[in-house]
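Labels A, B, C and D are assigned to the chains in the order they are written; within every chain, residues are numbered from 1.
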Amino acid sequence: MIKASIYGASGYAGGEILRLLLSHPKVVVAQATSRQFANEPISLIHPNLRKKTALNFSHPDDLKKCDILFVALPNGKSMYLMSKLKKLAEKIIDLGADFRLHKQSAFEHWYGYKHENPKLLSDFIYGIAELHREKIKKSACVACAGCEATVSILALYPLVKHNIIEEKIIIDAKMSSSQAGLKPSLSSHHPERAGVVRSYMPTGHRHTAEIIQELSPFNKNLDVAISATALDMVRGLLVTIHAIPKQEVTEKDIWKAYRNEYQNEPFIRIVKERQGIYRYPEPKILQGTNFCDIGFEKDKITNRLVIIAAIDNLVKGTAGQAVQAMNLMFGFPETMGLEFTGLHPI
Amino acid sequence: MIKASIYGASGYAGGEILRLLLSHPKVVVAQATSRQFANEPISLIHPNLRKKTALNFSHPDDLKKCDILFVALPNGKSMYLMSKLKKLAEKIIDLGADFRLHKQSAFEHWYGYKHENPKLLSDFIYGIAELHREKIKKSACVACAGCEATVSILALYPLVKHNIIEEKIIIDAKMSSSQAGLKPSLSSHHPERAGVVRSYMPTGHRHTAEIIQELSPFNKNLDVAISATALDMVRGLLVTIHAIPKQEVTEKDIWKAYRNEYQNEPFIRIVKERQGIYRYPEPKILQGTNFCDIGFEKDKITNRLVIIAAIDNLVKGTAGQAVQAMNLMFGFPETMGLEFTGLHPI
Amino acid sequence: MIKASIYGASGYAGGEILRLLLSHPKVVVAQATSRQFANEPISLIHPNLRKKTALNFSHPDDLKKCDILFVALPNGKSMYLMSKLKKLAEKIIDLGADFRLHKQSAFEHWYGYKHENPKLLSDFIYGIAELHREKIKKSACVACAGCEATVSILALYPLVKHNIIEEKIIIDAKMSSSQAGLKPSLSSHHPERAGVVRSYMPTGHRHTAEIIQELSPFNKNLDVAISATALDMVRGLLVTIHAIPKQEVTEKDIWKAYRNEYQNEPFIRIVKERQGIYRYPEPKILQGTNFCDIGFEKDKITNRLVIIAAIDNLVKGTAGQAVQAMNLMFGFPETMGLEFTGLHPI
Amino acid sequence: MIKASIYGASGYAGGEILRLLLSHPKVVVAQATSRQFANEPISLIHPNLRKKTALNFSHPDDLKKCDILFVALPNGKSMYLMSKLKKLAEKIIDLGADFRLHKQSAFEHWYGYKHENPKLLSDFIYGIAELHREKIKKSACVACAGCEATVSILALYPLVKHNIIEEKIIIDAKMSSSQAGLKPSLSSHHPERAGVVRSYMPTGHRHTAEIIQELSPFNKNLDVAISATALDMVRGLLVTIHAIPKQEVTEKDIWKAYRNEYQNEPFIRIVKERQGIYRYPEPKILQGTNFCDIGFEKDKITNRLVIIAAIDNLVKGTAGQAVQAMNLMFGFPETMGLEFTGLHPI
């Protein structure tokens, strides 16, 4: 059994880490911090954990040594703390954006802030196991990918690597409300937020930086653009990716690219059915699971390839990805604690 | 044409008044106040009014004389201002709670505050036209009913008046998020509020006071209890009322009571069908309308009567009721500006 | 007053026509046909029309002469009946697909059937008033556009006409359940349909044919592709259009193109705000309205233009468009009966 | 490892049994029957089980011997088959209504059919472990409770047993769409079903029979009435129970009654918080779990007790209850395979 703590456990990512770790057979949750809710029961904020844990939140100042520390803070916070936190835990998984990008300049460009601790950037491995499994196994520090980046990279990686598509890629992302976190605002106020098809970021999405970083080893000239639309759902993320297949690419080639990369992946499913009503990836049945479902359709009329991919943004897109990385870092079976199959109907 | 202004026009009730008045053939909207959004276009907050009005919000201190003033403030505010406001308008309709109850003591009991201006209480007529039409026609001041009280009173009034039911009445109210107003909070935060069946007020609902006040002339010993549950809807309110019919009461008697009181009411429909999927009142098809739909079922096994009633809380439960009262006060046709039939499907 | 009848009035398009015509000051609804529900009250199927009409459905065989006939049948039906129906009414508006395309071959290509009555194709004017106002005024026959085509054409027309964008256009359409009509199936079954982000037609959408037909006079080489995703909403349609601006095109040029074409259009609003939470078109506040809201954002990083447009698929996308055409055909004010502003919040 | 089969596995109850058994450490799923989908992959109908099982549906005629058979058929079907099915499995759990009631006459009264196989009625133990744990352990046949009955009985049992409440009990049930099963109809059609607050059974709910049967050993004169309202949710069930506490009953007495009966129950949680936004039971966070959450509030003004209880209708109300019974019948730990904690936010 290893001892895990969570720094910043009152948010949605922190709560999801707690949910997964409290059921993990090899983990004991030592501490879960929250400045605001210190000494309050965890179940006050995460009511799904009633009867699962009697733990109270700890004050961050009281954080003790542990085997692994999960850091789940708002973007721009963990870079100030990381040097200190590294002394408390041999292994660290950061769920925020601060250590995802390798280049200091990228933070200024996409996030608008100067990175406080650029020396540490190279310590962190980008947390998508499907791309960096061997490195993660040996690493002390992992930076989990953004949820939108996770699903886009997983959908595109085999196609870019196998030279299937042209460089211009458009990602039309359908997003849920949990991605914006726990803090209420008018834009998250139920009468305003319910029922929306809200084009909240037509251009300029920050996760573009991660997608380009991860795919550029296979093609340096990618031109990736994201348009994000918020829907009336709490969990889940679907991307419709519009790409242009290279000349002479056939459907078989596409299948082959995905099979080559993913046939042994426990959390990736190619979903492309001829019958039934779930013929393509559907985020609603992925809630609570660590799956990334990927499908595609090649246009018979125009030269176009549409790739559809879906995840639970809080699991494969955040906390599940982190637990998967932890499993690799400690030599546990990669799927341990992540076996939930999802519900249907839901 | 009369000149109408709205004091407190940035909230949901104020916005709904604006929507109705801007399409009313006999009304010109003079001013719509908002302290916070003074000088901003109304459509910033009420985006449905784009192209319908070019008006900006006025600062409340700049309010000028008008023929009728609608006051749409949070509870406990208008009692401080009313004496002043009455000098600005010959006729006033208050949409808040401050002048609904006739007795000063009732405010202390149900709202927990001492009434600031008890002398004015008797100036105000309770705004439900179906009960007080003649008085409203002659009045200068109307206090519109609470939304939950409106639908409950309309459902119960004929039954209490005609001595159809016993005194113990249980109202199980299904509520929407717009009732809680414009102010964001954790409880209205979309990830927390979406999908709920939230028992937010199992006992002690303040609108009980209004229901008892309005029905007590017909029976002084009513024992009314409300349990309120919040659902994942933005607009709409349905009550399931559990009552006990007096001995020997038949279904015909119930029909007769409703017909007697409501057969000429333009905004009340008795909905009790033998076929179709909308056999009982359904709030979703009432959105935007001023209807109150009422149905009932007498239990064949136990001695029980279930009454179901639905409204749009922001129209018949608030702003539509106010416009209906205004029409009476100025001698306009009672349905003027309130003809919208509702949408289906929606 | 003119006498209007609806052929096929039990579906959602038929119901919406009824809703609009029953409130139209210049129209009397004579007959509304339904084979299945002949002699049943209209409000059995369209419960929003309770108390608004006491009409029963007529059997289609009993259809009598009228001034204008609205035909609202499933695709592939009206072409068999049109010659006969034209004898019953001087003016006809068809809401189905059968007379939208000018070329017989296009039906075979996109709809997979041979057109039964190709001679009549040239009698019909395509029903979007913003493009064909003068022709509609003089026409006896109008074929209303498909909902997805309507919103896409309105969003793209000024940009194509003014040579603002390249020829490759991708339309990512977010669709609602009412578009699929009244017939239940497993795919529309609530437990399966609720909460979906269902990629039901990644390529090959039939409305492409209409979009190309309408825009090709301005550019013969357009390459238009639609990907359609069904969401958990009943009404509403939003398109996110991904286009590439021509070199040297500025944001001002885009504004100018839209203003040139639409500044006097009563039902088109350019929605592109700097503040507020409704900065771009949002279909939820368009429910029941005849507006088409259009916004755009030019990407500062990659050379890309994102256009966002929204409508109520049953109003501007179907029945409202038809009433707008009728107003033109009879010389009524173009906005008559279509003044509803929409609700907020909803 | 035991061999389990499911008779009638294509419905929602069958799918949920499959989901739970496929993750149960002591169970191998042998066969899952479906007449309609025989030889098709299970994941065609239950897409959440992709990659979890490669099993195809079996034809019911091919059903082989197994250690335990779960029967998940529409009401009125299993009574014709049970004698035959008992030869195939030593232990049987029926999820339908056919063997829930002990008295033949009750079926005629509540279900309107003559029971085909009344001799077998006494073989079946009613499946709520909290009431019949010891009997279930020794039984070969279990009839699982109806979902609405389950939550109502669990909420009421301690209060009736400890003589806390009067005999007149009103249950206001808020229901989800999965309860009506897999078969599409106009009433389940998304445009009609979405957003409803549909009073579909104001009186006469069949589950009343079960509630009275189970509680009558403690009080023979109970007068129980259910009013059921369908909401826009797929999973989940909440009851608001309106009762009258006996004179001199205090809040402490109520706590004591619940603690006496439930303090060691693994799946029952008393939820009655002073702070937070999940102060009372909330079905949305119970999705996928086997919990029954129970809360209550004693009215300070009128003499009234409101009890609120929630479950996932497909888990604790159906398939989870069945697995819990199976665990008891085979001597497995009672919570095995039912440990899922639920998601938040969702």
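One rule holds in what follows: a residue touches a chain if its C-beta (ideal position, glycine included) is under 8 Å from a C-beta of that chain, and two chains touch if they have at least 3 such contacts.
Here the structure is a predicted model, which is why all the values come from computation and not from measurement.
When the C-beta contacts at C-D and at A-D are tallied, the pair with the greater total is A-D.
Distances between chain centres, each the mean of the C-alpha atoms, put B farthest from subunit A.
Chain centres here are Cα averages; for subunit A and subunit C they lie 39 Å apart.
Chain centres here are Cα averages; for subunit A and subunit D they lie 35 Å apart.
Mean C-alpha position of subunit C lies 46 Å from that of subunit D. Across the assembly, subunit D contributes residues 12, 177-178, 186, 191, 195, 232-234, 282, 345-346 that each touch 2 or more other chains.
By the touch criterion stated above, subunit B contacts subunit A in their complex at residues 12, 177-178, 182-186, 188-191, 193-195, 232-234.
Put simply, subunit A touches subunit D in their complex at residues 12, 15, 19, 22-23, 44-52, 177-178, 234-235, 269, 271, 273, 275-276, 278, 282, 285, 287-289, 291, 339-346. Residues of subunit A that touch subunit C in their complex: 170, 172, 174, 186-187, 191-192, 195-200, 202-204, 208, 223-225, 227, 229, 231-233, 236, 238, 240, 242, 277, 280-284, 295-302, 304, 306, 308, 310, 345-346.
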